[in-house]
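One chain, chain A, links the two complexes that follow: it is found with chain B in the first and with chain C in the second.
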Partner chain A sequence: MIALHVPGDSVLHRAPAGIKLLALFVLALAVSLYPHDLPSLGAAVGVVVALHLAALLPPTTLPKQLWQTKWIVVVMVATQLAFLTPWDALVNTVRVVSIVLLAGLLTLTTRSEDLLEALETGLRPLTRIGVDPRRVGLTLSLAIAMLPVVAGIAARVRDTERARGVRLGPRLVVPVLVLALRHADDVADALTARGVD
Partner chain B sequence: MTDAPRRRFDTRDIARIAVFAALIAALGLIAPIPVPGLVPITAQTLGIILAGMVLGAWRGAAAVLVFELLVLVGLPLLAGGHGGAASFVGVTAGYLIGWIPGAFVTGLIAHSGRGRIAAWRVALGGLVGGVLVVYACGIPVQAAVTGLPLGAAALTSLAFVPGDLIKITVATIITLALWRAYPPVFGTRRHRHAEEPATAQPVTR
Partner chain C sequence: MSDAREIALEEVTVRLDGRSILEGVTVRLDARRIAVVGANGSGKSTFARLLNGLATPTSGTVRVHGVDVGREPRRARAEVGFVFTNPDAQVLMPTVAEDVRLSLRGSGMARAELDARVAEVLADYGLTSHADAPVYSLSGGQKQLLALASVLVRRPRLVVADEPTTLLDLGNAQRIGRILLDELDAQLVLVTHDLELAQRCDIALRFHEGRLVAVGEPAEVVDAYRREYA
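For the complex of A and B:
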């Protein structure tokens, strides 16, 4: 599966996906709600760096992740300097960037399959209000299987239209939709035939 | 007229939801169209609006939810190859979450015509669901995350409005074309439109 996960064997890699998801949630909330001063801001950055070191990722990872947040930084600083003090702009930007980096670390150290499984487990209490975690799991894995199929259909339609000399435009989406949704109905028939209701 | 709230999704619904989630991802692969002086238009939100217009409220919102869960667990499916939990804590988090009720409201209005799909209802659904609802979720979160006043946050998102209007127009044209090409997908029951040719007549313009 194509994913943003980087394999490894650190403590962070081995921790259960559900725990990491919860920890991210708690950390993000703490960093968001705390009224920051210089030491607390430094602590937030320190935690982010320390966790990245603990994950034993290639040394270029953190700079690369940081570089990916460049547009957040540009947009935030530009709009905030217009309305807020430079200090507030700095606090807000550091706050958001560190949370984004923490969330990125979760993605780097956790396989998508494990997170999907954690989600399915997390949904179990919702069984009482009519949510079936297994059907949610089926839909999610079916969607993952459909990604290359739909991309293939789109490529085929594009080639066909190009060969016919049809101008490429939004109408190209219509045959892709029809073929993809027909395929969905075939898959549904196959599932029904195999006893999945 | 759309799928009932308490009704369980059958296999056909699940397959269509999964395929539409994959379609939203595929639309994210299309290179953004640069607009001089404005924010580039990505086709991904076109997929969100289409999900509501074509699948209706419940299945459309489910398709968007499935797509976003895949993004959450780390697949790089957002336009530009982004993904991961980071997308749900940044400045744009509110817009991402807003896509779910956005698709729902779009579907609710677009499918409100008792089995018939009319251009004005589809377009109105896109406008209310795809723009108003999404912005109503996105702007407060953007303001809270960046610490900007609400009005200022609303002002910065005005840049997206022209692109959104183009997308609603395109999505409406696509939906009406699909209604002519493959009507069964708009209903929940299998051959409803095939059995009732009178209601399968497309109502356009």
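For the complex of A and C:
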């Protein structure tokens, strides 16, 4: 789920990206470690809703974000019900969905370049062991930007499939992969041409 | 880079997997607007890619404004902007302003100066209201404008455009053509199938099966090209 930045002037929008990243880390840790009881679950959901309200985003944003987690919910509930009690499955799913929604809120209220700058600053100490923070930041940006491109490639292949009256089924992945790799070549050329290789 | 606005290829041959893509191209060009025409697979895109080091000659030398591109590709790329046919392949960042800013990455500019330069370029190309928009939400024409803005924000001395209007509708193609031919200060190498655009350049080159077969007045080069398919 990639929630792109929605411009705004709320406290959350104005807060420094580094602080928000740190807060997400702390909240994610707290949500992961809270006790398995109803008040804790209520508190997690309350924090998610309160922060979304504080961000002054359009009212449909949270329901949309929640809807986008549907497959996470389905997969988590289905797999956990096989091994755990329904209550444990519910607790774990609420935990993960809360963290995903908080991460989504971070990207909704923070320009990705500010986020990457904060990440690059945070990774700077790792330069001593050979990590290039700028390269890590660029890689993450590219990954975010390429998701809709790959989705577009898949849609194009599906259209071609329909137009030609064939059903590739799981084999659909082959042309998608070939086109995605070709696009990767083009991106490499563009990086070189733009002097950011 | 020297002040001379000269592109010089000396006996340039490009071979790929044993196949000849360009063969013995020697040419010196100092016109401001240079059109490159020819059939698909004639070698014109390879010629364009040689100019900023995206393609490497198997033999021969390519010099752009005094810089040997083969020896100093980074220095050449700093001065040569490249516009691809498909903006989807060139636009790399999640949002419009970020993509323009990417071009200035590592430029050493102060943040305020960088912000001002990005804002100026976005305004020049009518993209200000899309600054924070995801790039995938742009139309094809807007994406090509963004691709162009991302190249021009670096203020290159040479812009190489490889069929930049091929995927665009008439209105957007005309707008991109107008920007490249009428508004650009930099030298231009325009690879195109649009023969009207080619005729508005100062000189035209024609490639055929990997060889440079004509250099001269655009009207004459284009006429000869048309006659061949008449």
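Of note:
Quick note on the criterion: the second predicted complex is superposed on the first by the 123 of 197 C-alpha atoms of A that agree within 3 Å, B and C clash if a C-alpha of one lies under 4 Å from a C-alpha of the other, contacts with A are read in each partner's own complex, and residues count from 1 in each chain.
In this text, a contact is a pair of C-beta atoms (placed from the backbone, for glycine too) under 8 Å apart; a residue touches a chain by one contact, two chains touch by 3 or more.
In this text the structure is predicted, and so the values were computed from the model without any measurement.
Residue contacts after overlaying the shared chain place A:V176 against chain B, while chain C stays out of touching range.
Look at A:L123: by the touch rule set out above, it reaches neither chain B nor chain C.
Of the two partner chains placed by superposition, only chain B is touched by A:L24; chain C is not. Once the two structures are superposed, chain B and chain C can be ranked by residues of chain A touched, with B on top. In the superposed model, A:M76 lies in contact with chain B only, and not with chain C.
Once the two complexes are overlaid on the shared chain, A:P7 sits against chain C while remaining clear of chain B. Contact with both chain B and chain C is seen for A:V196 once the two complexes are overlaid on the shared chain. In the superposition on chain A, contact is made by A:L142 with both chain B and chain C.
In the superposition on chain A, A:V45 makes contact with neither chain B nor chain C. Overlaid on A, the two complexes show chain B and chain C touching the same residues of chain A, namely 4-5, 111-112, 138, 142, 144-145, 149, 183, 187, 191-192, 196.
Those residues of chain B lying in contact with chain A across their complex are 6, 8-12, 14-19, 21-23, 25-27, 29, 46, 50, 54, 62, 66-67, 69-70, 72-77, 82-91, 145-149, 152, 156, 170, 173-174, 177-178, 181-182, 184-185. Of all residues in chain A, those touching chain C in their complex are 4-5, 7, 111-113, 134, 138, 141-142, 144-145, 148-149, 152, 183, 186-187, 189-196.
Put simply, chain C touches chain A in their complex at residues 52-54, 74, 77-78, 81-82, 84, 86, 88-95, 97-98, 101-103, 105-106, 132, 134-136, 150-151, 154. Contacts from chain A toward chain B in the complex involve residues 1-5, 21, 24, 28, 32, 68, 72, 75-76, 79-80, 82-84, 88, 91-92, 96, 99-101, 103-104, 106-107, 110-112, 115-116, 119, 130, 132, 135, 138-140, 142-147, 149-151, 154, 170-171, 173-174, 176-178, 180-185, 187-188, 191-192, 196-197.
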